[in-house]
């Protein structure tokens, strides 16, 4: 694995902006989830402060994706509570809508809308959900497209872009909704190495601007340089969490050690 | 890029066998080819002696594949002449057949026949083109399969083999026609790093046995240790050719330098 | 190769027939064809091949029948086809006789209270497509200046279904067909056949134009049946009468005990004997299949011998 | 952990939590019902509406079906029985009971000699023995009566299994012949039987002397051999030409002045052989074919015969030669642009016009020809899809090994393309099979035609539902399983390709 | 080896025709052309010979002779004294009518069934599966016959509508469903009705204008209008107002039982309904599968991405799923339309007077011009198919997804 050598180190990362406030952005209490009789998430407790950047890692099938999908109400949880930005995630559709418009999500496979141009991808939700005038939405979109450094692609279709570019569009698309929290589910794992850099750069930039982020990733370089906290999950539970340096250098739990030795060992 | 570290060096290569005779195997004179109005190959002049091992490299789209496909009459050229083993490549189908049965070709994507077993893949052409009795063809096939070290897979189907094994079968399949010249078009670029070694080993073995080879590849380790000559192509022309050592250490042409710095620089 | 030779070489007669019209032609549960038209086919087969069973019945729709005959798919068409000028001339067919004098009529429910076809203004009429009835119907209503609504149906069975279900008020086809159809009804008495006969529908066997020798055989087979009835030759007494010449020279010539009439057509001399023995004379055929004692229950009417005031009149056998 | 503060507290678990069972109401039937039937109030409403719908349909159909009367001689009797039993509604299945053989086989004759000598030997003896009843001089009317009585006595099931052994055997062998094509795990040797099957089937179904199909087969083999010999000597193209010429020479009249029509050589050979060794079955003319059997015959022969033609058309459509491509495209588009029924009418009304004067073959054969042409256009499109799905590398690999066009096609391209196309072929077959019902319009007695014939009789006049339902079910069962099979194949192909 | 700079000029040899790739394909094509020509010549020659033997010729003059038969359903006036050509046109219009309406109904039912088959409701999904399988695996002809039998056997005869009969008209005595067809009221246009119609047309224009305006407004301000409700209102209210203001100028002529049949009103014939329904039901099953496949072809990720952006399920359907599914759905959908059009020739089973029954049926039968009749019939269907597939190709190329 080459993650540790990813070119993040080359970039001066400005941690000064990345202040963590005392406000609570997400609070998860004793959350449990089952698929049928399969217990995927077990007693999850997690508090995320505004401005925190959390990296979640863990072996495949450990429930990382499920966890962040629960936060966005893409999956229902069966027990416990999730409060996002003061809004309790319940079956109340209004709450779900509210939370979803506060929380942006970036998927492993980008999930851009292939029938819309990049610009339309970015303006769709602001126009239809936020009810922002089209002109204004387009301006916002261009602003964020510039931020992810592909304004010139605005009128192309997703199919015409490379993977890295697509993922950056996906990030811009989420940002256009001006979310206060961003969730990333392995945003770089479907990309070729050269493209990973582009996307990580964009994410670091976001972090520098103080965005609250939950990121499922195995890019340890990213975790080290950006995260406040790294969470290790296994078998649906949070096994260990710590700040990045101690997490990587001095893991406590056996499983964590094993996992880290596997992904760093190569 | 990791080509320079490929494990070829680990192997003692016996260059003593690789004598080059004075006979001419392939002679290309002022060959030109167009796709529509696009001039892919421009004034190619190339003479390959029997027993020579030539590596062709160059940036993507420079016409490397097209060149070796012309030699095998998979593509028609429009100007100039190609003489393979004394046979002029013309529109005469008999000549084409003759040349094709003299020249073996290995593709980037193996192109094994998935509906036939490995053995059948290898015996098909000898039986139907050379009209060799089945028994005999099978013996030959087993001989070559042993040579590429996978006799035990003979009765499996290509889909059941790993990429490296498939490529070795593809080489064996070509060899079964007992060609005097082998063409390789990026034989390792679709393979995972571990498998590249297997295939390169096979190719080195072939070289040691004195086979005339033209190989499009970016495996510089292979070029260094096996080739007599490295040819650099760009924009459809042969820009530089030289023996491997001087080629790599002291390229003359600017473009060659740029290219070498790119592929060796990382 | 003439049709006669073809038939003899083949060993069986290809007879174009109706797909199913009770009394005239329909296969029974065992697939054996029965009916008035069928008997004529069997008679021809007997005349030519000596075996009444040596017939292949080729069911033809009203749309395919003439083409099938013209193309040689059948040797003879006995499928209640009307002899008309244009069919005889333009379609290149030869009608060689009339085995049933028919006319187009109308059947309605008796409780409609209709007593004449001229009262049918605005009625819905079921009619088989591809037949002369279609043209007659159009003519009749136009001439009488009344309107109607045609409901085209493909087969008699379908027409019957539509009529019984009340999807049409009137079913029109040849009177014989009407009677045959009515015969199968649960309550036949609730339906009446109106008195108007709006057309002449002489139904008869058809052969290809120019196939004259073969036409002769078909024509004279039919005539033999008619003549036999006229002379009182029946299936019961024909062997006896044929054993030795009788007093009536007509009978003798018909049955081959005198003269060489059979040879003139290339048949055995006793061909008529076999025919009558196998299927009976015209009267017998009629009574067996469509006569008053059968479910179809047709009266002889026009189809009586000329001696009885009908139209059946066989040219002399001489 | 809500009391922990993110910045200060590192956390490491020392005991792993065991999986717990989900809370009640999250599993079992209740959850299933809640999730699948009442997940929202609109869904609940839908559920209730559907239950009502199902109930009303079943309550209309079930009593009628289940109270149906199986034993009656006519519709009138059925009605009488119904009234007698005091039922308000009852199907009259008696018509199926009486006529199912006819719906299955049309008027295809039963093997009466076999039936009589096996099941009716005493009565046969009483009637004077086999020779007297079935012999050449036998009185035909008496024979028919004898057979009718026999069949009534021994019952439909026995007649089905023994009287119709020829079509049944043809069908069973069809399954054997098709199996190695559909299941590649079966021994490849069976493919030889598949090749021979058409001749076996023709012999079984149409009967006549065995030397007919045998000499045709031998003729074909001879032509192929000639083609191969020439091909080996001077190339595939000339070989094919030679093969075609040989076929023409063997099967068609090579001498324009010899006015003997089609098959000039074969009948003589056949005649001689037959005289020397008369082996054969009772010959049965095509006119007697009917019922579901007819649908199977037309459908199967249509697909089988159209396959080679469809492949040629598909290859032609992919050809780089403009003229060939143009011819194939025109043919395919014309055939597909016009409804089958128009083609069938063409077969019945016009085909004879296009053939040399004097040629005349029976309607069934003409229909099969037309259906074959029709299916070949559709198959061509299916096969084209298969060809297009093959990666270009396969063609190139074949080229680079020195295989010529035909060898590459036969050994590399077609085996793969056809395998991919099998689901499409099966679907085409289903379509074709359903379309065979259209032959009723040109006077062939397919199952629907037979329902008309049955209704034309006095006993069963006015009966529809029972017949339509029976025929519909026959087709449904057949097509349903075929379509399931093709879906299964599709799925299997999908996983195979990964 | 000598330097070969130019291929030696060789003289042309005959064997090059077969063994030179430049000439080979030419040779093959010439041979193929000759074979095809020979075949065509043979066919034409046979036809001419056969026709001559039958004493027939080829000519289309029969089209201008009197047809002599009546057609019940006529979209243009026709009487038995009109020509065969006009009868053919009547048939063509009938074919196109049933095909057109069939396509519409089949689409409606098919889309519904396809969507319901994907419903979360287990029962509905099962019912739809049964429906689709039953339709797809039974010959169309059987469905036509069954629907027709239902129409004739299960609906009352006109006479049942008489006093004391068992049937009665529905919808306030305005519609009669009988086994001869469905009779519905016919509008009678009195003076002033022109205005009502004009108002109605205007309000339809208004609806389009409204949609355009709503779009503009949304783009400008982000506000969305309840377009659906306003459109519905616009559709009905102005026309109704005009209707009453003008003193109810449009009246309805109700079907009434008189003589043998209903008179007045519009009769929608049974044969038409049966064919229309059966074609629609049968085709709808195939369309349902197409729709289902189309929707399934849009990956789940698209829905999730849309949800994650906060779009509501119905907006997700409208903005994300449908536009993508339609690209997958439309091409096979159009080939189903083609099938339906061709299948409408099964009109023969119910006596619906389509072009096959008039030109290809009665006309051929009355005139004996089967060659010419079938030719014209084939050409008609061919042209129809070609037009439909041309439209399909046009659509396909216009919606093709942009790829790299």
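As written, the chain order gives the labels A, B, C, D and E, with residue 1 at the start of each chain.
The rule is simple: a residue touches a chain if its C-beta (ideal position, glycine included) is under 8 Å from a C-beta of that chain, and two chains touch if they have at least 3 such contacts.
Every value quoted in this text rests on a predicted model; they were computed, and no experiment measured them.
Summarising the inter-chain layout, the chain whose CA centre lies farthest from the centre of chain D is A.
The best fit of Cα atoms from chain A onto chain B calls for a rotation angle of 165°, in steps of 5. The most centrally placed chain, judged by C-alpha centroids, is D.
The chain pair with the larger count of C-beta pairs in contact, out of B-D and C-E, is C-E. With centres computed as the average of Cα coordinates, no chain lies farther from chain B than C. In whole angstrom, the spacing between the mean C-alpha positions of chain A and chain D is 57. Mean C-alpha position of chain B lies 85 Å from that of chain C.
Here the spacing of chain A and chain B, counted between their Cα centres, is 46 Å.
Residues of chain E in contact with at least two other chains: 19, 149, 153, 348-349, 364, 370.
Each of residues 349, 352-353, 441, 464 in chain D touches at least two other chains. Residues of chain A in contact with two or more other chains: none. According to the touch criterion at the top of this document, the contacting chain pairs are A-D, A-E, B-D, B-E, C-D, C-E, D-E. Across the complex, chain C is touched by residues 54-56, 68-72, 79-81, 149, 152-153, 157-159, 179-180, 258-261, 263, 270-271, 348-349, 351, 353, 357, 361-362, 364-366, 368, 370 of chain E. Chain E meets chain A in the complex at residues 218-224, 299, 301-302, 304-312, 315, 319-320, 323-324, 327, 401-404. Here chain C touches chain E in the complex through residues 62-63, 66-67, 70, 90-92, 112, 120-124, 129-130, 134-135, 137-139, 141-142, 148-154, 158, 161-162, 165-169, 209, going by the rule given at the top. Chain contact summary for the complex, chain B toward chain E: residues 24, 27, 29-30, 80-81, 83, 86, 88, 90-94, 96. Chain E meets chain D in the complex at residues 18-19, 25, 28-29, 32-33, 36, 42-43, 46-47, 49-51, 53, 119-124, 127, 133-134, 136-142, 145-146, 149, 153, 342-343, 345-346, 348-349, 356, 360, 364, 370-371, 374, 377-378, 381-382, 384-386.
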